[in-house]
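Each of the two complexes below includes chain A, the first together with chain B, the second together with chain C.
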Partner chain A sequence: MAARILRLWALYAYLDGMWIARDFRSFIFYYLADAVTAVASVAGVLLLAQRFDGIPPWTRDQVVFLLGFGMVARFVPDMLGNYNVLHISRRIGRGQLDHILVQPQPVWMALLTEGFAPFWGLLSLAPGVGLMVWAGQRMGLEATPPWLLAFALNLAGASAALTAYAALWGFAAFFQPRAAEEISGSAVDLMTDLKGFPLDALGPGLRTALVTVIPAGLMAWYPCRALLGLDHGIAALWATPAAAAALCCAACLTFRMGMKRYAQVGSSRYTSFGHRR
Partner chain B sequence: MNARALTAACRRTSALSAGAMLGENPLFLLTYLLRLLRLAALLAIWRAVFAARGQVGGMDVEQVLTYTLLAGILAEPLNCRTGLDRSLWEGAIVTRMLQPMGLVASFVSEMAGRWAVGFAFCSLPMLLLAPLLGVDPWPASAAAAAWFGLSLALAIVVGVALDFLYGAAIAVLKTDIWMLDGMRHAVALLLSGAVVPLALLPWGLGRWMQWLPFGALASAPLQIYTGAGDAPMLLALQAFWALALCLFGRWVWRLTRERMVSYGG
Partner chain C sequence: MHRSDRAGTPASGTVVECRSVCKTFRQRQPSERPRDVLRNLLHPRFRTIEALRGVSFTVNRGEVVAYAGPNGAGKSTTIKLLSGMLAPTSGSVRVLGMDPVADRTRYVGRIGVVFGQRTELWWDHPVAASYEWKRVVWDIPRERFDRMCGVARDILGVGESWNTLARELSLGQRMRADLGMAMLHEPEILFLDEPTLGLDVLAKRSMTRLVQQLSATGSVTVMVTSHDMNELEQLAGRVIFIESGNLAYDGDFASLRREFGDLRRLVLETDSATPPSLPGAELVGSQGMRHEYRLGGGGADVAALLRLAGEQCPVLDVETHRAPIDEVIAGIYEHWGRNRPAGTA
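Coming up: the complex of A and B.
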């Protein structure tokens, strides 16, 4: 099974590479747009941290690390979730889930591999890693094996949290195809909009909401608090992966419920003439 | 089509657009709830940033909070999206061109319909909740309020012109609109000052950025409202960009019209 997944990833990576490099103009354009988007999306907070020498109680370097972490955490779902796999509501709402269901492979395997596009978004990975390394060096961060393990766990947790959260919203399209087609986009946007901010200043209610109901805080703020020693409790190191696991379980359950409904009613977005309602 | 008929057509188009949003999308209130949550988070972050500080870049914490509140309330008009890009992508632009009311009027009317729903269900509640959020929603002065109205109108004109230029770019480049859209969203948010007021950027960057057309979108009206900017100068700059971009957009649109292709849905 693992070999098949790797083969499919290789296939989709090849297709992605061919798509981006189909001509020189497209190649330059994709990467230019990618780089501009990546830099512009973090520049605001970065400039703010520079101007105010941090965002209390975070120092400037800690904010830079947080921004880099958020960029890398966002890269993984983006890399695996292209072609509306991350915004799965669009596929469900439009009746395109049928395209997966007729394939001779499990649905989960199709979803895990179909959106794999490693070349797309590469330029948001490089600045993210660069920001973390730069800030880490300035803070004198010691990358010991236990710290690296915690880092990897929290990074995987942050990525999984975004993916599961996007899926949870997306699966709402099983029940409200038209309405949920765009709400999932708004929800994911909110996660990424707030991922670069330290959320310590928020009131307890809002802070709790932002690590549970809309877990934007899990994208970078909470894991970085633990990794940078702003929260010394050992539980803080495990909180993000644990929350991500809970979100993944919730997403799986919702998917099962949704599939049951889909099996009964299918998609009503298209008329019998093939036009979208 | 005479002016009266055009006005009536625009009004009906807006009503249809608002009705479609209300009728077809019962979850739209959740989108607004998310916007409110984002606003509450940003306000708290600004309070932390300004803690124990006086004025920074000519703005104090009260001004920044009002600025952020208004940016949240007017999120849609301060970042005009007519839906032209999607129309090009889906090929629906062809039927638009057959309509007697003209492309700009058609798209702007639809946009206004969507804004009306947003205003009723999101902007107004945000405004009413302002005291609970600890923000003074009133303008800096009566004059600021008057200038703000004009500035907002100019910001919308600049926004629509930029959106049509963006549409022309899609037609010329014939490329993935989602990639362009992501880039545009990120760049516009940064350069327009909709999230971080330009005056608060380091190294005097804001002084340079406010001369760009993006500065006319959000920064100018919000600065005028909060009394943080030189109103006559900002209005003159906005008027310049509105005129220049409308003329340029009209010219570019005429050039690219024949190169327009339908991408399919």
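Coming up: the complex of A and C.
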């Protein structure tokens, strides 16, 4: 099974590469636009941190690390699923699940592999990693193996939380194919617009809401607090992965229910737009 | 053909089995009146559509079956049920001994599906890349892949669009590429829903040739829907008609003609603009001195009619031909339309 996943990833990487090679100019254009958006999305917080020498209780370098973490947590799902799972409501709402159902593989395997676009993702990864490394060096962060493990777990958790949250909303399209067609995209925006802010200054109610109802806090704020020692409890290190696992379970269960329903009612709508690039 | 990896399937016998298959859908029926906005929101009205009402049929291995019926009869719904995209509301669907929905992953590797209005091609990639994609995802052995690419190129003429981006193909070129792609894994059963949409005469002919070639091997079963009856009659030995979700006819085209009136035509050219009156033949129309008659069922005595006409005026030329199948079908549809109980969809 792992071999098949790797083979499929290689295939989609090849298609992605072909696409870029064929239309290199538009790729550069898209990439520049993406880079500008990425910089713009962190610029505000970065300037604030610079001006006030940090956003208490976060130091300036910690804020930079948080921003880098948020970017990377965003780009992993982008690389694996921007084209499908992050926008699953489009697939469902446009009646395009049928194209997955005719493939002789489980639906999850198709969803896991089909969105793989490494060339888009890899390039966008660089600024986030750069910010984190730079801030880490200035803070004198010791990347011991246990810390790296915790880091990887939390990063995976943040990515998974974003993906699962987008998917969870997306399943609304099983019921309202037209109205909910773009709902996953809105959920992603909701999560990522808030991901760069240290949320400590908020009241406890809002803070709780931002790691549960709208779990944007899981994208960077909560995991970085734990990773950078702003929250000393060992439980804090596990909170993000655990929350992400719960979200993923909820998403899987909901999706199964949605697919059961889909087999009964089918899709009353079909547009071919965007199901194959 | 190589079937070594398809163990466990008998070489003949029933491959498709539908038993009392019903499929109902609910369709929202919003009122267009502004004052009903709130009601549409709180108490939306629904209409239940019985797309299939207890359809039963079986198809044997190697058969080519035409699946026909008026718009909204339930053809596409049947194809979706057979290809594992939809589950029946009641009744059972079994194909190749499997339940298309429950055994989907195993099942769809052995069938091919083409929906004329949809494409499986990658939009921004050349056709060749889509074929390569299919090879990997379907795990097609290299030898079979190369052979079937050859078939797609030689018979369907996909070669000319091999390196063209799918989005730049014309409708017919795209359709041919899609058909070729559906064939790559050498499916045991092909479900084609309006596969000749947008094809020109030559392309239709090559499509027909391909299906005939496949069915000649005796191992490929084909079920094809279309609104082009001539094409269906050429393609298929057997036709299943479905009307308002009911199976209305299942048999060969010859018996269909017999059963629903084998409307033959008699054209007489005389030296007069007044058509001879022929009891037993119904005048369809006259153009100058050409008079066209519709003859009843198989038993019309053409010789007697000619004698009768000759007594009234000199007959210069005679033609007889069978009514186009389209006309037979139009007659059937009209008949159904008149007899349909009010209120059914």
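One rule holds in what follows: the second predicted complex is superposed on the first by the 262 of 277 C-alpha atoms of A that agree within 3 Å, B and C clash if a C-alpha of one lies under 4 Å from a C-alpha of the other, contacts with A are read in each partner's own complex, and residues count from 1 in each chain.
Simple rule for what comes next: a contact is a pair of C-beta atoms (placed from the backbone, for glycine too) under 8 Å apart; a residue touches a chain by one contact, two chains touch by 3 or more.
These figures come from a predicted structure and were not determined experimentally.
Q: Any idea whether chain B or chain C touches more of chain A?
A: B
Q: Give one of first, second, both or neither to describe whether A:Arg7 is in contact with chain B, with chain C, with both, or with none.
A: second
Q: For A:Thr208, using the defined touch cut-off, is the partner it touches chain B, chain C, both, or neither? Pick first, second, both or neither.
A: Touch partners of A:Thr208: none, neither chain B nor chain C.
Q: Of the two partner chains, chain B (first) and chain C (second), which one does A:Leu15 touch, if any: first, second, both, or neither?
A: Touch status of A:Leu15: second partner only.
Q: With both complexes superposed on chain A, which partner does A:Gln105 reach: first (chain B), second (chain C), both or neither?
A: second
Q: Could you look at A:Gln137 and tell me whether it touches chain B, chain C, both or neither (first, second, both, neither)?
A: neither
Q: Between chain B (first) and chain C (second), which, if any, makes contact with A:Gln264: first, second, both or neither?
A: second
Q: Does any part of chain A touch chain B in one structure and chain C in the other, and if so which residues?
A: Common interface on chain A, chain B vs chain C: 276.
Q: Which stretch or stretches of chain B touch chain A in the complex?
A: Interface residues on chain B, with respect to chain A: 24-28, 30-31, 34, 37-38, 40-42, 44-45, 47-49, 51, 53, 56-57, 173, 175, 179-180, 182-183, 186-187, 189-190, 195-196, 200-202, 205, 265.
Q: Given the complex with chain B, which residues does chain A contribute to the contact?
A: Those in contact with chain B are residues 26, 29-30, 33-34, 36-37, 40-41, 43-45, 47-48, 50-52, 55-56, 172, 176, 178-180, 182-183, 186-187, 190, 193-194, 197-203, 206, 209-210, 214, 216, 276.
Q: What residues of chain C sit close enough to touch chain A in their complex?
A: 25-27, 80, 83-87, 89, 101, 104-109, 113, 117-125, 129-130, 132-133, 136-139, 166
Q: Enumerate the contact residues on chain A facing chain C in the complex.
A: For this pair, the touching residues of chain A are 7-8, 11, 15, 18-19, 22-23, 98-99, 101-106, 263-266, 268, 270, 272, 276-277.
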